[in-house]
Structure formats: structure tokens, C-alpha cells
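Chain nomenclature is as follows: A, B, C, D, E and F, assigned in order of appearance, with residue numbering initiated at 1 for each chain independently.
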Amino acid sequence: MRILVVNPNTTASMTRKIGAAARAAASPGTEIIAVNPAEGPVSIEGYYDEAMSLPGLLKTVAEHRDADAVIIACFDDTGLDAVRCMTEAPVIGIGEAGFHAASIVSNKFSVVTTLSRSIPAIEHNLVRYGLASRCSKVRASEVPVLDLEHEGSSARAKISAEIGRAVSEDRAEAIVLGCAGMTDLAASLSAEHGLPVIDGVAAAVAIVEGFVRIGLKTSSRGGYAAPVNKSNPAVA
Amino acid sequence: MRILVVNPNTTASMTRKIGAAARAAASPGTEIIAVNPAEGPVSIEGYYDEAMSLPGLLKTVAEHRDADAVIIACFDDTGLDAVRCMTEAPVIGIGEAGFHAASIVSNKFSVVTTLSRSIPAIEHNLVRYGLASRCSKVRASEVPVLDLEHEGSSARAKISAEIGRAVSEDRAEAIVLGCAGMTDLAASLSAEHGLPVIDGVAAAVAIVEGFVRIGLKTSSRGGYAAPVNKSNPAVA
Amino acid sequence: MRILVVNPNTTASMTRKIGAAARAAASPGTEIIAVNPAEGPVSIEGYYDEAMSLPGLLKTVAEHRDADAVIIACFDDTGLDAVRCMTEAPVIGIGEAGFHAASIVSNKFSVVTTLSRSIPAIEHNLVRYGLASRCSKVRASEVPVLDLEHEGSSARAKISAEIGRAVSEDRAEAIVLGCAGMTDLAASLSAEHGLPVIDGVAAAVAIVEGFVRIGLKTSSRGGYAAPVNKSNPAVA
Amino acid sequence: MRILVVNPNTTASMTRKIGAAARAAASPGTEIIAVNPAEGPVSIEGYYDEAMSLPGLLKTVAEHRDADAVIIACFDDTGLDAVRCMTEAPVIGIGEAGFHAASIVSNKFSVVTTLSRSIPAIEHNLVRYGLASRCSKVRASEVPVLDLEHEGSSARAKISAEIGRAVSEDRAEAIVLGCAGMTDLAASLSAEHGLPVIDGVAAAVAIVEGFVRIGLKTSSRGGYAAPVNKSNPAVA
Amino acid sequence: MRILVVNPNTTASMTRKIGAAARAAASPGTEIIAVNPAEGPVSIEGYYDEAMSLPGLLKTVAEHRDADAVIIACFDDTGLDAVRCMTEAPVIGIGEAGFHAASIVSNKFSVVTTLSRSIPAIEHNLVRYGLASRCSKVRASEVPVLDLEHEGSSARAKISAEIGRAVSEDRAEAIVLGCAGMTDLAASLSAEHGLPVIDGVAAAVAIVEGFVRIGLKTSSRGGYAAPVNKSNPAVA
Amino acid sequence: MRILVVNPNTTASMTRKIGAAARAAASPGTEIIAVNPAEGPVSIEGYYDEAMSLPGLLKTVAEHRDADAVIIACFDDTGLDAVRCMTEAPVIGIGEAGFHAASIVSNKFSVVTTLSRSIPAIEHNLVRYGLASRCSKVRASEVPVLDLEHEGSSARAKISAEIGRAVSEDRAEAIVLGCAGMTDLAASLSAEHGLPVIDGVAAAVAIVEGFVRIGLKTSSRGGYAAPVNKSNPAVA
């Protein structure tokens, strides 16, 4: 089984970290193809960066059409619906995967993301997926995405402190980490706080690997039907 | 990895069919333990049967405390919350699994279940999980649960007809089959109708197997904390 | 008129307190039959205890089939839907009664219950009944259920403090006490805080007594239809 | 106990019918004071009539300040919030009472009202009370309010037909009759269709009588606080 | 174009302030007719005042039937639905206008109104319009309406402090001022806090002027159909 | 005042039609700049086309940074959030404008769009804006976008038939036309069916022109803050 994991930003160190996390989560026989576009934003922090990353993201997906599943490794689930129109393979975003996983192991969860400016896009997704009622609060640690790539930053401490507040103030029973760049922190934060701290990358691998095994595909009826071949070059 | 699959009713032929479906969905190294209680209702059709099946269900789970994951193989997700209090292993119901899976592969899905009397309990679960907004309609095929165990019944034809109505009237992009006893029909109905027809047993195996692999456990904070040892014999 | 009031736990002192509260709320000619099962949990604190109390609860109801109405005297409304399948008499839970009453005498209410672990089940019920939008917050006083049975505990002080927070922080216009064991505190807490403090036992008696008087019965169509006589011994 | 039942329109024959229904629903010792304003619309069919009936309605309530409870006998629950600011007695509208009662005896109910133009106001109330999720559909029989006062009209037949459609198309488990003028039809329609057909007048009497008995009052904190004595003559 | 701006309370100084704000917001050729009823409450603070202002409000609207648009200049949107039944001209409330405007320029907004007692009516409107999910919180500055008419009161300072809390605690991206009497404060508060502070009077003028220009009228089908001419004098 | 109207697809005839509609809706002194990107899909029918149109759309907006307001003239509101991050001018999508306008002139509206495949994206927007509860149904006429550009097609007849169904089956009190290419049909369809048929282009002009006049800007706090200047060329 080959799972395409696309980091929609162009920061290769983050792609490597995401790839490692995906491989750690996958079954022995599963191949993880972790890639990022050649061009686009170096990090995705808000709606504008999302939009600017889309051409590179879709081009990257189009170059790996034989993948058995696709993971969009940005917590905003950038381009999720568009990618589902490109393939019948199952497609999942790491935000989406984290929300579904948290809904299955807890009554209520909180999200701890990077900057406040990213909160509305995450809340928007929660409402659209139907899971807003399961989320106590989307919280920002005010750690910029690229600080997660720097050894010695205070990123982990700030995230841990925000988890503490989620537990005491939100009655969160689980935490979803709100950035692909936090993937390496989940296990130690879970141990520290004594509750599930969910990395969306691992959750996404766990879910789509299972979907491939049971033959579950993206619906090609209705909203995810293949695009009509008009002037859309990436489809041609 | 050992996954406990509990059919909460006492019909052994259904348990065998569920076990076969679970094994077909599982990875090679995964052991499926498909069991049913010794006592309780022969089928679960509505709230009363759900309640009557609970003692047997919980006793069965307590007898298999070393399982790495638990699947409740009744579409009503009978006793789901109670079982989550008994173990830190991930626990999923087949209704819940079907709803989450359908939400990931389609914009909107419909459910096709057995009798009308089961509809309110399913709708109740959809609201509670947050996924009611993703479900177009819960439909009844008016096939009693035990008819699914009889060769030569008109069960498949009635279910197929109801799927046809879901596609044309509800704009359903995927179907969730609303009874564990329909597990053997999913593949052929999917081929017939040209859209994902989801069997909750397979979806549940796919999801919890992944959760075990990544070490995701049920939260033991808040609502799923282990019960205080008062007079609860199954816990002792 | 005979109203069956079932305390689903086995603590007789609590049953006596509940019976007294129900009698104080009832009209002169109404007979209150306050009972509890012989076996099951001594208190209901969370989903697991709920499930373990069900067989005793349903057996107790089956033994009093001639009651004109049934009240389930646990704030989780344990087994409510199942009991409605057993009888055409009106059936109400004390949580449900408290929520409906508070919705009629205030714009917004808060709930003050016992332990945090009981909060998710109460929130689940609020969502399912439709009244979550009317409830500002479900709060825990962190008073264990059985402490309510001990003279001289700090239970009342903790509950009163939590009511104070509900008024100042939640803009609650009414309070619903979230445990049958608090039934004797409602009047004095209402006087102390100057707003309606609602005891679900009294509210339940008030509502179902009225329903019996006007001949309103539980619907026997759809989800509350009588269970099919398969292997369900309590029905036979 | 004295319950004020205000019909906000000026049609005395309807007031008499409402009064009779309220008396039939009340306990022996309860006095029903059924009144209507001297001036205002002869029937309330839509938002405009609602507004025009308010001065007369509030004046009528102000003239009976010693009532132990107030029922607003119009299915739109005209002026409900304003009346709650005038008194600490419990106040209920017959629409509100019908919705709460139906929510307690069924999983889902439908409303059958008079004219289509009244539907939005009823839907508005359902959303505001929180009970929209419990209502399958608000249906119009296209019977004008005053036709309900005429012997020999086809009103009952039209309403019965609409109930039939609610049962078959909406999966309604109970019906709420959507006009005070239908109060005399509930029992026979219930018998005919074999499910609870709820008259809001009877439901309102049942509920507020109970509230008076247990001493439950309208909150005077927040939105229902007594109006400041500025230039509001009816308060002075 | 002639826009009728009705202040439903009888305080002429507030009407003058509202009229000036409306004229400042209007296009050069637009005539603003700012009026208030001769009789009724001097301010509208809660449900009771709303009801008492309705006869004067509707009479005032009826006297200006040739207006091209109607603005109800009370933040509770008093009588909005009833006025829509009286005319095919577009009708908007200043609360409604503020909510829609804030939804278009921000992800989430908070409301800062006068007294706590007005909060439930505002929340009720948000739910009914569908925009509750876009509003973080409705906050009270505890400034009585008429204090806004007094030079030298601490009103502005209290409102500004509440805006500060909305920004820091609610993550509000815009503020809607919750009283027509605050119309003159919007610009300076917006400059002070660096985010849109929306005056409903200006927003209402902006929106309905546009609607008149494009010929958009209030629907006369369904709930806003003209009232049947029974005993409704203002219609005749 | 200069309003930028961006048609995100590359079909110039549609851009001309949109420009004409916008000019007809604008005030005399307002300049309408109607443009489309040089590259991208010829029509936007579903999520994939949306994503592919984004680079051209954002580039076009960046070339007209001095516009006083921006209208996105695609009913999917493609790129709406991203464009709001690029400017403090008010930005509105024609879908969004149509939904808000319909919410102000009716109790409930239906949408009539082109193809079924576009329905989920529209429903997604309705949920995200908060206005899903105001929309009865999103309907497809099954007219492809480009057929709207062909004289003599059956497009108008199909759309009119679908409006008829919305009126009779959905109780729609207003209709929102679900494609920029339908802009020239609104007036005649409104006359034919006797209810408001809203063209989003005209509604968008009406609303943002007013916003410019009163100085209302897009919030630059939170989700719409200007993007950090990393590697985003269109911002530089």
C-alpha cells in the first residue's frame, strides 16, 4: 500500500518530520511518500496562505495519481475537497483525522494550534464536518509554525501550558495538536498530561490505511465527482 | 493485536457472520475474537432490547479485559459509553464507525436500517456524535433483523430498493448499512449502486486497528473515568 | 392516581428522601410509590453505573405495571427510552423534568450536579432533548452522591457556592439541581439565591400528574412501540 | 388555585371553548378564569395580528394580577416574554406547552396548524425554545381560525387528513394541534389516529397547575426582571 | 428615495440623534424621515417595553406608507416581523443590520449593549436570524439607555471597557453596538480599539438603501403576507 | 467609489454580463471594474474548479489594490476568506450577498443553482455563514454554467420550473439564483413567480456600496489579519 502524504507548504524539514511520523504510524508493508510542493508558502498560517498553497498542492497530488490514499498534512485541511474530486482513493486531512479520532476516544476535546489567526479556519472546518459540538475550544499557543522547526525554542513549553489550561478550563478529555509541525510532541505531551494528545498525522495514517484495507473509496457521486474536462490542466 | 468484537444479541449465526466480516477487514496479524452474550435478546430492535442486552454485553467485555480494542457490533452502539469506562483500550460502535467513515468519503450520507422503530435511536446517536448534519436521512427497509439470517428472504432486494431511494431523493453520496447483520451485503450493493456502501463492522475494524497501532487510547479523564468500586460486580 | 417513582440505585435512604419529596409535590389524592431495585449500584455516577442499574430498574418497573405514570429518579434519566417502550403511561426522568421546567420559567439555566464525571452524560441528554441551547453550563460541585446522605457534610455549602458562580458567570436565571439526592435542598437554596432552584423530583411529579389528569400517554408508534416478544423476559 | 387563561383575540365563542377545555383539564379545586381583551383582532393569523393583540393582552393580564398562573391561549404564544416580566407567577403559552408535552411522550412530533402564513411564527418559536430538533414538520391544514367556530365546516376533516400525512410522511409519533380553536378536537383525533394528539390548552393547564403546586415561579433575574417604572402605564 | 427611520421609544432627543446618524450614512439624494411614536415607553429595555411600544410603532409606520424602506431603530428589532406584513418595502431592524454587517466583515463578533436584562432578547434574535454561531458573546455595559442621552455620563468609558474585554476574552474581530443611542460613539470607539465597531443605524441605512436601488422588496408570500382585513384598524 | 467585481472564471462573456448587472445595480457615481483572470477554469462547477481558479483570482485582486470594495462574482464565494486577508476594503461573495439579502426579505428562501455537483459547496457555505437554518433547500436546475451563455438554450425554462417546485414544495418565500451567469434572469423570474428572486451580483453591489459609504471595513484582527510576508509573492 502506498500512501501519499502531502505537506502543502514548502518547508522540507517539516516534510521530513511529517514523513517520519507517518512511517512510525504505518503498518510494516505500507509505503509512505512524503512530499511538498516546489513552490508556495513556507508555512500555512491563515486563509491567504491556504489559497496560495493550492496550486502546488494539487500539482503534487496529480503527480502521484497511483497512490492508494492521500493525506493532506496541514491542520487547515487545505484543498481537501478539491483533492477528493481528483481521485477515488480515500483522502483525509490531518485536522479532520484528529477531530474524528478525538471524538471516538473522548466526550469533548480541545485543539491547541499555533497562532490565533489560524483559529477561525479551524473553527470553520469543525462546523463544516459537524464536529464543532464535540470541541470545547480551539486554543492558540502563539507559537509560529516555523518555531516548531527550531531546536531550543520555547514552543513545547508554550504548547504544554496551553494543554494545561484546556484540561482545567475546558474540561477537555483529549487534546488535538493543531499543526503538522507538532507531530513529534504528541507522545511526550500525552504522558505529561495523562490524557490522549492526538497527532493528526498519525491519526490520518491510522484511518486511511484501514480504509484502503477494506476497500473504502471516496464517493464519486455529487460534490466529489471528477471535474469536467474543461480548461483544468492538472486533470488532463 | 487482539480485537474483541461483541455482538450484544444472542444469535450465534449473526456473531459468526460478523466475525467473518471482521476477519476479512483485519490485517494479517490481527486476531478477531467474535463473541456474544449467553443471555439476552436474540436481536436488538429498539431501546428496550438495547437495555436488556446491557448486562450480558458488559459481562462479556469484562471477560476479555486483555483485548487491545473493543468493537460493539450492534448498529445502535449499545452500551458504548459504559464500555469506555471499563477499559483504556479504544472502543468503537459499528454505527459510530460507519458514520465517521461516511463523513470522510462523502459530503452527505444516508443510513438504511432494518425497522422504523430503530430509527429514533440511530438519530439520537447521530445528534450526540455531532454528525447529524452529515446524514441526509435515516431510512428503514422494514426488514426484521432475523430475516437477514434467512437465505432466500427478500431482505437484500428491499435494502437495495431503499438505497435507490436514498440516492435519488436524499442526494446521498454514500450509504451506511444500519445493522450488523447486513455486513455481507455491502460489497455487492456498492457495486450495484456505484457509490460507497459502508458496513460498520469493516469500518470499525479499520479504525480501531489503526488506533491500536498508533497507541491511541480511550481517555480516562472525565466521563470515561473508571467507575468507582462501589457495588459494581463486573468491575471487581 | 398512582405514580411510580423509581430510584435506580439501591440506596434506601435516598429512596425515602425522594419519596418524601415526591409526596410533598403531589396532589392530595395521588399515591406515590417510591421504590428502588434490590440489586445494582449504590449510586449512579457516570455511564457505567447507569448501565449496571438498568436490569434492576426495568425489573422494578415491570413489577408495577399498573402505575398511572413513571418517574425515573436519577438525574441521568437512566433507562428513560427503554421504560417508555414498556408502558403507555407517561414516563419522565427527573433530569428531563428539570430541564423542561427551567426552560419555562427562565431564559437560560445552569445545572449544578455532583461529580465532573457525570457532566458528559447530562450534556448528552440536553443535546438529545433539544434543550442544550437553553442551558448555560453544566457545573459540578464535586460532592459525591452519597455525601448528600450524610448529615454534617459540606455538601450544601459546596452546592450553594457553585450556584453563586452560575449566577455571576453564566447569567443563569434559574438553577436545576443535578442529583435526586439534592431534593431536600431546593427550597432553601432558592430562597438564599433569589431565583428558581429546581428539584427534578418535584418538577417530574408536577408534570406527569398533569399528564395523567389530561389523559396524555406515551406514544406507542415508532421508537416507543412495545418490544416484540422475543427473548425479553421482563416483557413476558 | 386561580389560573388566568387569556385568549388574546376578541372572539368570545373561542374564549368559551378554551375555558371549557381548561376546566376539563384542571383539578377539582382549581378555578379557571378564561377571558379575552375587549379590543384587538378577532383572530391571530400571523405576525401582524400578534402585534395588534398585545396591548389588549397585557391590559387583561394586568387586570388579573392575583392569578396564581397565566396561560396565553394562542398557539403563537403571543406576548409570552412580556407577560413573564409582569408577574412572578408561572406563565406558559399553549404552543410552548404543546411542544414540551410532545417532547416528553414521543421522539418526534409534527404540528398541524391553521394557515400557511402562521407557520414561520411557529417555527420561530420552536427554534427559540430549543425544540425545533424534536419537531418533524409544521403543517398547515389551510383551515382559517374562525372556521373552527362554525358547526358543519370541513375543518375537522382537513385537520385529520393533515395528521394522516404527518404520520406517514414525517414519522411523527405525536401531533400538536396548532390553534387554540382546535381544543375540542384532540380526543377524537387521537382515537382516530392511534397516537397522542395534543391540545395545548390542556397541556398548559396540566403543566402550570403542577408548577403552582410545587411553588415554581418565573425567574425575576435577567430577561424577565420587572420593567423599570418609566412611562409604562400598565405597570403602574 | 425616502427612508422611514422609526425610533419605537418616545425620547425625542434619541430620535434626533438617530436621524442625524441616518442622514450621515445616506446617499445625497436620500431623504431620512426620523420619527417616534407619540405614546409609549421612553426607552426599550427588555421584553415588556418592547410589547408596550408596538401599538405606537405600528401606527407610526402606517402613517408613512409611502416610504421606500423602513428602519426600526431599536436594537431589539421590535415589531420587525409585524412591520414586514404591512408593506412590500424592505424593512430592517438595526440589530439585524448590525449582525449581518458584522458577519460580512469578520469571522466572529461580539455585541455590547446597555443592561443585562436586554441580553436574552438579543440572543433570541440572533438564534432566530441564524447568526448566533457568528456571535461570540452578547455583553452588557450596564449603562441604562437614557444615560446615553446625558453629556458627562460615564457611558462611553463603560462601553469602551466592555469592548476591550470582548477583544481579549471573546476573540471578537468586530463589535456591534447594542443600542440605537450609541450611534454617535461608533467611529471613535472603532479608532480607539482598531477594529470595526458597527452602529446598527448606519448599517441599516447602508443595506436598505441598496435594496431600494436594486428593487428588492419584502416577500409577500408566506409569513409576511398582508394581514387579512378583519378587525385590524391600522391596516384599514 | 470604485468596486472591483472579479469573475473567477475566464469566460469573458460572463464577465461582461456580470459587469452590466453590477453597473445597473450601482449608484450613478460608482465605477464598476469587472474583470476575470487570464488563466484558470472557464467555469466553476464544484470544489476542484474553485481551487484551480484561486491563483488567477488572487492575482487579479492584487492588481487592483486601490478598489474601495471587492465582489467575488462566483456563487461558491471562491477565495472569499483569502481575499479578505489582502485588503481592508469590504469584500463580499455573491452567494453570501444573496443569502443575507434573502434572510432580510423573507422567513425562508431556497437556492436554485446549476448542477447537482455544486450543491455541497453551497450548503457548506450556508453552514459556515450561519444561514443554513434560513434556507429551505439548495436545488439544482441541471443547467451547466456555460449553457447560460447560449441564446436559445432551455436554461431559463428549467430554472423557472425549479423555482416553481421551491415555492410549492419548500414553502420558499424568496429565491436566490445560484450562479453569476443567471444575473439577467432575476427580474423576469421575480415577475413570473410573484416573489423576490435575488441575483447575488446586484445584492452584492447594494451591500458593499453601502458599506463603503459608511466607512465599514474588513476587520484586520484575527482570521483576516494581513498575511505575514514570507514567500507569498502576491502580497509582496
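Note that a residue touches a chain if its C-beta (ideal position, glycine included) is under 8 Å from a C-beta of that chain, and two chains touch if they have at least 3 such contacts.
Note that the structure is predicted; figures quoted are calculated from it, not measured.
Considering the contact criterion stated above, the chains in touch with subunit D and with subunit F alike are B, E.
Taking shared numbers over all numbers used, the subunit A to subunit F interface scores over half, which places it in the same class.
With every chain reduced to the mean of its CA atoms, the largest distance from subunit D is reached by A. Look at the CA centroids: the one farthest from the centroid of subunit E belongs to B.
Centre-to-centre separation between subunit C and subunit D, using Cα means, comes to 27 Å.
In this assembly, the C-alpha centroid of subunit A lies 51 Å from the C-alpha centroid of subunit D.
Per-chain CA centroids place subunit A at a distance of 42 Å from subunit E. Across the assembly, subunit F contributes residues 107-108, 116, 119-120, 124, 127, 133, 171, 173, 222-224 that each touch 2 or more other chains. Chain pairs that touch one another are A-B, A-C, A-E, A-F, B-C, B-D, B-F, C-D, C-E, D-E, D-F, E-F. Of all the residues in subunit A, the ones that touch subunit E in their complex are 116, 119-120, 123-124, 127. Residues of subunit D that touch subunit E in their complex: 10, 40-43, 45-52, 54-55, 58, 79, 81-82, 84-86, 116-121, 124, 127-128, 222-225, 227-228, 230-232, 234-235. Across the interface of their complex, subunit A is touched by residues 25, 27, 90, 92, 96, 100-101, 103-108, 129-134, 167, 171, 173-174, 187, 194-196, 198, 202-203, 205-207, 209-211, 213-224 of subunit B. Listing the residues of subunit F that touch subunit D in their complex gives 107-108, 133, 171, 173.
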